[in-house]
């Protein structure tokens, strides 16, 4: 299966640097998203800063539970009751964090889009595909006629390789891959400037995955859409992203040009993550011992230190600074800045029994 | 001769009926011509009278298919019988017949009136009468009253106006039987199949009313039969029987004025409350005569009731006044004979023999029989599902009285009616409560069924002397002459105590103010004569 | 419309096929239960002193009770297939006639109860679910629990005492005022429909007016189930993936709640209606007794009281069949509404 | 009355419940922990329910000491109670048409209800669990037939079923109480059957049962334990709701006149039915007290059941929404720029040369914005 306007997928448009001068579509500064819980506040996203420029794809990677999805939703203001957001998300001259629910709702769709992980359950089973499109277009473009809606919807679907004959079908009549393409079409029919794709391919098989990635790649090329691609799959990031941000326990520990980061991972977590990735050249199975910390009670200092093979005394005491490396990579770690620490601080942290959360 | 079905009919809680009258005004609107506004003392013969009752178990609208009061109430008003009982009378009087008489003790001859027609206009002839009786016997429906005609050999119609009944055995009660539902004359011209019941819930008779509409358990609507030729003079244009399933609802209905008369089924509590509030409630409570009987039967072959002394001691202890007062709020009257007061030949036989309740005398009786040592254990059975829930109260009261004498240890047992009948007939119960509701107000109907060779409840009581007296009474066509015979029968009954009469029910109705004729029709015959009830 | 009618047809065929063994088991259960019951059906119901043994035997033979049980069982099944539910021993009526005569009132009452429960339960459930954990939600849940805990006969008595006797707003009992409905021909045997058929609106209103108290009483029995069901469904639906997706598309919150929340939350309610039919029919026994409603439940009690096993067996068989058939119909309707059910 | 058929805690997969190996005490603690942790409406329902139920049970158990008179007493010290006396004096709740003391009838009625309820629950638990085990364990035609029969029973109008069953069992020795209990039992067997059968089926398929079998353990034992741990999770909810239904059904039978006779025991439904005429005659007390007793007893058990369901069924557990207030940033992010790239995978302690923009010893001074704009053109407003 090819997309209707399928182009050569191997072409990669210029690296991030050529665009660095462009103004970002969306800029997050010290964004924090906290949840309330029985055990106290959970800092799911705790001071995150990043930029996304038009046509740029930012890959967001990290283990499960490190705050990637929360970050994606937090930007769009799609948070459950009880969550609090702080910081700044600058988009089109507005700080999204300060907007009212109503203002955010109006931005979602025409300006901000979200593509989900699980396409099987994201379409209302009682509504035809057509009704989904009609609803979305009516909400944001109240003056469209039924024919215009149909034309636009069919265009978007065709772009995703869904034939017009399926326009009146119910969601359950489609396969998972088709549904994901419908979801993408739904997200894109309003031409948002910024899209978060939250693990859009995780639930799909490999062939479909490639298709979807291709579609996303085409998307930013054709529409200059800025994309945050949340994924576990480092391969996808390497292939589809311009830049990458590695999240751990609510922090971005490393971000930079995707190729740079993969070629030369700086943060011990990034290194460990990459070692754990299985590829054809993998000789042995690596994994990171332990599991991400309880975000209600995160460890002091660097949050990765309990699992960090290179942890130093200072890591357990004080949060590391953000280190800006010459290649543009930002690495939040004490390691590259020996001058900022005392000799005692740089002594290896005594390896405690890794205090892992109970299996339960 | 047993009228088990009749007992069933008798059913209603020892109770009461209430009646009253009222223009139940606005709700019935256009469909119910009300008598409202007429202040004339004369009854408004154009009125619609609604009588509410809990006696809703109409088994069949075909006279061959029912032997119960609710059904017979309908028959009495829609069919003619050769003879009928005028209100307040216990003497069968010609109705469809011009006259009836005994040709000989085994042959009864009736002459029909002239010009009788059914409500559809077709003539009523002696063929119809013969047809009615023949089919009654031929169908012999288990729910039907054919058993009343056991003494009947054959019915003949020698000419269009004459009917003759030939008997197998002498039966002085035949004229009485002819006044009951068993004597209802149906049309022989096709609407009633000759060998099975009519099932379309319609009636074709020649009585004072025609049945307009019948909805089981809900209502039966009647209007005056223009073709009727008889003595009844209708005081209303329409009559409605409205059936209630709960006495308490019926009571509220009369209080609210939903019905003009409430009759039968009210509990003692309902009656008491109605009486208390009748002053300003727009209704009044009417007491009529009642001959419904309630009694305890002993199985004279089942211990300990097989001992005459035990039965006599119980009869000696039981305090009927207390039952009437404590349980029934005096809505019933103590009875000292199986022939209730109000019926010909009644004597207070048990009172004469036992006098006031006296545990010392009872102890003496037991002592004399060598049973005085320790309390006699006896199981007393009743059924809560036939005569109303209040029956339980009555037997609780009995138990209290018997145990209060110190002479008895009573175990109360109850079971539901159908099981109850099966079991008592099988002799499983030493003592059990039953009720009796007469087929017709003749003393024979209160003696033979119970006392003749074990009676219908098969209690094994078989006293040759009594059997002989009963047979004798049944041959005595002059009922006045039979009175000494019945006195003797009652005396022996009190002595042997195979049954213990407890009380007889009054008929009690509540009627809205302005309703007339209700009291007059509440006589021992238990016939509600729709035509007599009017509204002012 | 690209609905595949083939899959719907297959679903219906499958659902009908599933109902058949269930009906069979049901009939067997009814037969076994009523034949295990103590007492001989004929002598029990006629109580018969006056009936000779020959007469009893004759009746037993006529009713087929003298034959081996297995033969009787076969006959019973064969009769039911022909919609012959036997003849009452106590009233001599064909049970099928009784059903025809009384069934309409029960249908009216059960429908009234259902409508009442839906009219009350759905809005309350939706509001409670929408404003979860609000004071209204707590009130709605407690209300559901209390109505569920209060037995029909208590509620019925209370309603009767308060609204009919004391306040006089509604009639005490019955289906209509006396005489009023006498001219209505029995076309469907459902009085209210018959009255509509002949355009007699006075009767229609009269029946409705009489229906309110018993229907509310019966409806309260199941309203809790609906409140609960709708509330839980809405909460789960609003947490659902497609609701979040709709929000992500910037659909207005009102539309999200109504179009994606309410609509989807109400689909399972149809299934629940199917489950409630049994409850409604059971509850109608008590309601009909309290309000003297001329339906099958009241008739059944009367048959039970007179130990009319034949009639009881017939009525119970019929009611059981109704339950099975209705739950089957509900499933099919559900399949029509919710395309997922068809697979 | 009715079963609340919706979302009772269904037994979940093997992971859902305590592992069978766990000690009984731990399991119990796990079972009860949610109850103690319950909050909000669930807590209110649970504790109100427990209070009402406890009150009811205490009254029932100690009826002979609490009730002023016997359930069928009509006199005291040779003096007959008045009939239909209004509350007060010797008869706090008044007397009935049968000269009974209403208070005593209500108290003894609790005992009757409890007896019937316990019998019914025990019977249906026993039979339902047994059949469920057999069905789930052996499978095959036995299973198919039992499932069909149980489904059919489940679909049946329960009150009708109870009435018919009451007739079936009317000759059972033990009198009205046992008859009523058996009638109610028939209604509830299918519920236990379903739960136990489902647990047994999933236990049969669970991998650790395979493993245990391979190690020579008797699968029966494993399944027994497994099922038990499931049953102990779901049965309390079903049982309490059934207990409520049992009281309602008993009262319903009594109300219809198919229940226990007054000389056998005190029964609320019967008393209520007998009190209907009183109600119309302004004698409110004979109906009110048994009526309130019925509603309260049912309500108590229902509240416990609903509360338990809320607590044990996580999807319905109330999420207490705690609003968070995010404190201001305690320590702004420091940005430092290093001139040289570190080695590809730097060894520990090995550090690249650092061009330090801020004195690490005085992080306070390293305020935002002070970080020099990097060559990569990173944004300037860091740490804002």
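As written, the chain order gives the labels A, B, C and D, with residue 1 at the start of each chain.
Assume contacts are C-beta pairs under 8 Å (C-beta built on N, C-alpha and C of every residue); 3 or more make two chains touch, one makes a residue touch a chain.
These are the chains along with the protein names UniProt gives them: A = ABC transporter ATP-binding protein; B = ABC transporter substrate-binding protein; C, D = ABC transporter permease.
Only a predicted model underlies this, so the values are computations on that prediction, with no experimental measurement involved.
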item: Of C-D and A-C, pair with higher C-beta contact tally; value: C-D
item: Most central chain, Cα average position; value: C
item: Separation of mean Cα positions, chain C and chain A [Å, integer]; value: 54
item: Inter-centroid spacing, chain D versus chain C (mean Cα positions, whole Å); value: 27
item: Distance from chain D to chain B - Cα centre to Cα centre, in angstrom; value: 55
item: Distance from chain C to chain B - Cα centre to Cα centre, in angstrom; value: 39
item: Residues of chain B engaged with two or more neighbouring chains; value: 246, 252, 385, 416, 419
item: Chain A, residues touching no fewer than two other chains; value: none
item: Chain C, residues touching no fewer than two other chains; value: 38, 165, 289, 305
item: Chain D-touching residues of chain C, taken from the complex the two chains share; value: 21-22, 25-26, 29, 33-34, 36-38, 133, 138, 141-142, 145-146, 148-154, 157, 161, 165, 221-222, 224-225, 228-229, 232, 235-236, 272, 275, 278-279, 281-283, 285-286, 289, 300-301, 304-305, 312, 316, 319-320, 323-324, 327
item: In the complex with chain D, residue positions of chain B that touch it; value: 246-248, 251-252, 267-270, 272-273, 276, 326, 384-385, 389-390, 392-393, 396, 399-400, 412, 414-416, 419
item: Sites on chain D touched by chain B in the complex; value: 72, 74-75, 83-84, 97-99, 170, 257, 261-263, 273-274, 276-283
item: Chain B to chain C touching residues, read off their complex; value: 1-5, 8, 27-29, 31-32, 48, 50, 57, 59-60, 65, 140-143, 147, 197, 199, 212-213, 215-219, 221, 238, 240, 242-246, 249, 252-253, 256, 258, 385, 416-419, 421-422, 425, 456-458
item: Residues on chain A engaged by chain C in the complex (per definition of touch); value: 76, 78, 101, 105-110, 112-114, 116, 118, 121-127, 135-136, 139-140, 165-166, 168-170, 172-173, 183, 186-187, 190
